[in-house]
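You will see subunit A twice below: alongside subunit B first, and alongside subunit C after that.
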Partner chain A sequence: MTQEKGHRSAPFAAALLAPVSILYLVFLIVPIGYFLAVSFLKYSPERLYLPELTTDNYRRLLSDGYYRQIIYDTFRISAIVTLFSLIFGYTLAYFLSRMKSAWRGILMFLIIAPLMTGVIVRTYGWIVLLGSDGLVNRLLIGLGLVSSPIGLLNTEPTVIVALVHIMLPYMVFPIFSSLVSQDPHLVPAASTLGARPLRTFFEVTLPLSRSGIVMGSALVFTLTAGSIVTPELLGGRNVTMLGQTIYQLILSTFNWPLGAAVAAILVVCQFSVISLYFRKMRRAY
Partner chain B sequence: MLLSAPVLRRSLVRLKGFNDVQSVLTLDKIVKRYGTTTALGPVDIQVKKGELLTLLGPSGCGKTTTLHIIAGLTRPTEGQLLLSGRDITSLAPPYRDMGLVFQNYALFPHRTIGQNIAFGLRMRKVPKDEITTRVRRMLEIVGLPNVADRFPHQLSGGQRQRVALARALVIEPSILLLDEPLSNLDALLRKKMRLELREIQQRLGITTIFVTHDQDEAFEMSDRVILMNSGNIEQVGSPEDLYDRPQTRFAAQFIGEASLIEGDVVEREGEDLVVDIGHGLLVPARAVTAGMGRGTRAILMTRPERVELTIAGEDGIAGMRIAKRVFQGERILFDLETPGGQNFQCSVPSIEKYRDLKPGQQVGARFQECRAIPVSRS
Partner chain C sequence: MDLVDKAGISRRSVMKAGLALAGGAAMAGLNTGDAMAASDLRIMMAGGSWKEWVAKVFAEPFAKANNVELVWKLGLTQEPIVMAQQRRPQWDLIHSSQTRAGQLGAMGLYLPWTDETIPNLSKIHPSFRYEFLAGKCHTPYGLCVNTAKIKKPITSWLDLWDPELKGRIAFPAWGWVGDEVFHAINIALGGSSDNIEPGITKFKELFSQNQCRIINNVEHTRQLVDAQEIWLCPFFGARTQQAAAAGAPVEFVIPKEGGLSWIWNTALIANRPKDSIALSQKYAGTCLEAERQIEFARLTGYPPTNIEAMKNLPPDLKKLELSDADVDLLGKLQRQSDYMTQFAYRDQYSERWNKEVVTAK
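For the complex of A and B:
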């Protein structure tokens, strides 16, 4: 549809694309290629890896119950976080898209603001709230609901709650933009044709915000699957995800080939989610 | 069944719309206020069965607000809306039985043309086979039999407009509402669609309310026109009425090319007046309304094609100065100035007699079918 327009400016566009292409090549494609290669090499405790091709690393990951559990947990947690982010993010984005402009700006800022603080700061915030001497436990004891502090930290639900909180902006914005870009006359049009509000939402508003839903979900899923800090700090020994495993294997155990294989599995899964997203987006209407 | 007197009276009140001859829709003292500013009204409109009624006026005159109130998209602050005698003032749009065509068509971009048109029927739980038949028939009526499987973005503006019309018509609404449906089309297509729209409307005999700011559109298509200005109705009448007998200064100025000259009524006989436009120049005119006796101020309305330009020796009111001359090819448009300094326009055929007249020259004018509008109503 719009691609034809770009023909004449193609060389100029290519020139603009050059810096970012080089950046991606040098700092993304080459390193990924490197660790993909390493993942097929043999582990050596003395020299990190030996120049000897093998599929042992992958075989170990997929047969060892410990690693299989981590792979399964990572994608399960990512799916749950994506689902909850979608539910909360969509309602928030819908609310934002329907409100008056002055308030909208303030609320948008409140949603962006957490992004300006680091993920570590936000995770520590949760520790302050949920620790055994934290606000939540004090409140529960103060209200007489529990007699001694309950263990909120180092549990999977806590990790999920914190991740949903951290990921929410990535879900809200794509959905918000897909909602505000809809023709405002579509809803009244549907209603004059006999559709009640809920029906209009499911027939018109929701399907037309699909691009935002897919985009937000892809973002949240891949970011969650790759998260390290939040599961590490809030999940402790009880929650282990692929990101932490890679960290340990590369920087503590120095088993680079196995770490690279874990990373490869993570990257392949993330790419398949992203390519799924692009396939969905290509469907024209 | 026996009805008690109060019940009977109440049902009669409810049937008020019916008592007026064939009024399908009645707007009874409708007012719309936003905060303390009144955007509309009070407005009284009676829509007759099968007619095409146009709401005409400049932007911000309240015509679209009126249409949205009829469709149920806007709640009036005051007043009552009666559809076939039934009070629908607080009825939500899905239950109103109105077909609305939006200015930008508002087709559902993720649905095919067929699905767009079927939407209203699906909401009404019409059986599937019947939907298919009615959608196909509707597409034939609007002259697009082969587009059912396409998406809106694959159609041209004119085609989308017809699809929007089909989508509104297929539900067989009691009233069709058109919100400037032609304004997004190019000039040529707009003219063609006017005739087509009118033709479809008459063929189906559907009561239609049409909103536009374009008087040519209004004149060509309408049975009746309601001229609106700053939230109020200026005049209601046939296109001919509005053009020929504007009741107010606004109506005279908004519709067609009009020149307005102020003067005093010096003589009156029935509807025929003689008006002094200054320096003793007397112009015969016809009163558009009663109550314009001797001594009252009046506004004379002339149209360029109704003023005859006269030169020395011819029978006309002398003493006019040519202020401006615009050569238009087959016609020449003159701006003339009365001795009192009031301007009016005069359009003459481009013939030798007038071709050499230059600004500054003195000429005469003969006014034909001059209308007198009372100053108080302007």
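For the complex of A and C:
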């Protein structure tokens, strides 16, 4: 009887899934397939690419120290941003999930608020704050910590700080969601059984929030690895990431095959790192 | 189904009729597409204030007068779309400078501007008339100097290499206008479009020894200029004057070796239906009219290119008046550039810039 009901509901489920499947197929799978195909074509200055198969684009990327360094820097910066976002994001999400007052709504709004302004506006905000005559330098000089303005712009730490600020909401909300969905009786139960707060956190709360951690980390890592504006405006010539390289190759140099190969490497690396992370997290708990 | 049977109509005939109807509808649709193209003006350009000004002065009055609809595609660097759609282009016009228009025009992607197809072309100053584009305005480009911080006179591109300005100078990103500015300075240094060694060698010093910074667009430059983060950088004349009007202690200097001047307008994309091309050419003609160019100059701060407009600038725009010597000096370096060579080698040149100059320590 149940099996029969399952059979009957299968077409309904397929019908429900159809629109989103078509959407993904047309706007995700087809474009990815297209640029994967282009990455194996020969570059032509006049025609974008020629219909000649080649692996030269990948060879150029993987054999050239300049591009290898960009790939390494992109994933190193993404990992650092993910780690800091996780530390700050978890703390914030934990604090929010334990709040009972009306302040919770206000704080949630404050976390979302930055998402309501464009990333370019926020990045320009950082330029104002961190410039030679900016608030941070004035504060440092006022406190007597430095005698003249220090160069905060065009450095990797600045890019990391700005990216953590931009990415924080993407980490907070999945973790918050996993924390508030936990059974509220678990913590008192652990306490009744003699567990101290720290042990309860590490053995009950943290393992049960792993889905939020995984989701938040995956989001932050992938978004950071593909970021363009923040490293471009705040990193200057000292920080180059894959997103900027793709942008330049596609829109300025018009070398679509090489740009597509960089994009393919970015997607494959992101996918591999996230898969590995998912697997490790599953094993850890 | 019964009705069909009763009327003595077979399923096959119904299918045939249906197919014929569908075919007819499809053909009608195609025809409608052609007709739609003629009643639409499809323009690609970057957004922002520039688009608003173009729409206000040129596009919207034209659309109203000709009863056509405007369709915009906004975004930076849309030339790859033209290249990708070269067999069946979907857009009529693309906002462009003379450089890109010349490069893509030579590839057969843009239509040439001629006196026969665009009668107003003869009213444009010869310095701003190119094979595939004539300007509706031109944008003088030279050095933006912070006069509060720099006390010595700035006269040359080589002042960027002054060690006293270490860390306070900037150069435009390659993908913005940096490539063209680099090629112009390379020519001033004795190089050419197929010999960029003098430029590469000199710019390595600029980035490694004088700690040159990169500016990515007009807004980014304005931000750094206004905050007095950078004291000397290549920039547009009108934007420098806007910064000065907003209170920044800056002035615009045309370097003695020659500045740059881009002309801007919408290039005519080739291989479009005839009706669409005729409409585009008519629109291009209106962008060359004296009164509209003066109105545009008032909004943008960029000088007109129509000879009559250049001679008869109203009192409030007299500051935009350029002598023949100024016009000559602005275009001096660009006239020596071979744009097709630069275009053909852009991949190698861009890579050398990134590897040898930008990362120079």
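Note that the second predicted complex is superposed on the first by the 259 of 285 C-alpha atoms of A that agree within 3 Å, B and C clash if a C-alpha of one lies under 4 Å from a C-alpha of the other, contacts with A are read in each partner's own complex, and residues count from 1 in each chain.
Note that in this section a residue touches a chain if its C-beta (ideal position, glycine included) is under 8 Å from a C-beta of that chain, and two chains touch if they have at least 3 such contacts.
Everything numeric here is computed off the predicted structure, so don't read it as measured data.
Q: Fit or clash for subunit B plus subunit C once both are placed on subunit A?
A: Subunit B and subunit C fit side by side in the superposed model.
Q: Where does A:Arg199 make contact in the superposed view: on subunit B (first), on subunit C (second), on both, or on neither?
A: first
Q: Should A:Gly151 be classified as contacting the first partner (subunit B), the second (subunit C), both, or neither?
A: Second partner only.
Q: If you stack the two complexes on chain A, which partner ends up touching A:Arg68: first (subunit B), second (subunit C), both, or neither?
A: neither
Q: If you count the residues of subunit A that each partner touches, which comes out higher, subunit B or subunit C?
A: C
Q: Tell me which partner A:Thr253 touches in the superposition: subunit B (first), subunit C (second), both or neither.
A: Touch status of A:Thr253: second partner only.
Q: Once the structures are superposed on A, label A:Ala190 by its partner contacts, choosing first (subunit B), second (subunit C), both or neither.
A: Touch partner of A:Ala190: subunit B, not subunit C.
Q: Per the contact definition in the header, classify A:Leu208: touching subunit B only (first), subunit C only (second), both, or neither.
A: first
Q: Between subunit B and subunit C, whom does A:Arg237 touch in the aligned arrangement: first, second, both, or neither?
A: second
Q: Rounded to the nearest angstrom, what is the minimum C-alpha distance from subunit B to subunit C in the superposition?
A: 50
Q: Once the two structures are fitted together, what part of subunit A is touched by subunit B and by subunit C alike?
A: The answer is that subunit A has no such residue.
Q: Show which residues of subunit B lie in contact with subunit A when the two form their complex.
A: Residues 71-73, 92-96, 98-100, 102, 104, 106, 108-110, 119-120, 123-124, 151, 153, 167-168, 171.
Q: Under the definition above, what is the set of subunit A residues touching subunit B in their complex?
A: Residue list for subunit A touching subunit B: 1, 183, 185-186, 188-196, 199, 203-204, 207-208, 284-285.
Q: State the interface residues of subunit A toward subunit C in the complex, per the touch definition above.
A: 43, 45-48, 66, 120, 124, 127-128, 131-134, 151, 153-154, 232-233, 236-237, 240, 247-248, 250-256, 258
Q: Over in the complex, which subunit C residues touch subunit A? Could you list them?
A: Residues of subunit C touching subunit A: 76-77, 79-80, 83-84, 107, 167, 173-175, 179, 207, 212-214, 216, 219-220, 223-224, 227-229, 343-347, 350-351, 354-355, 358-359.
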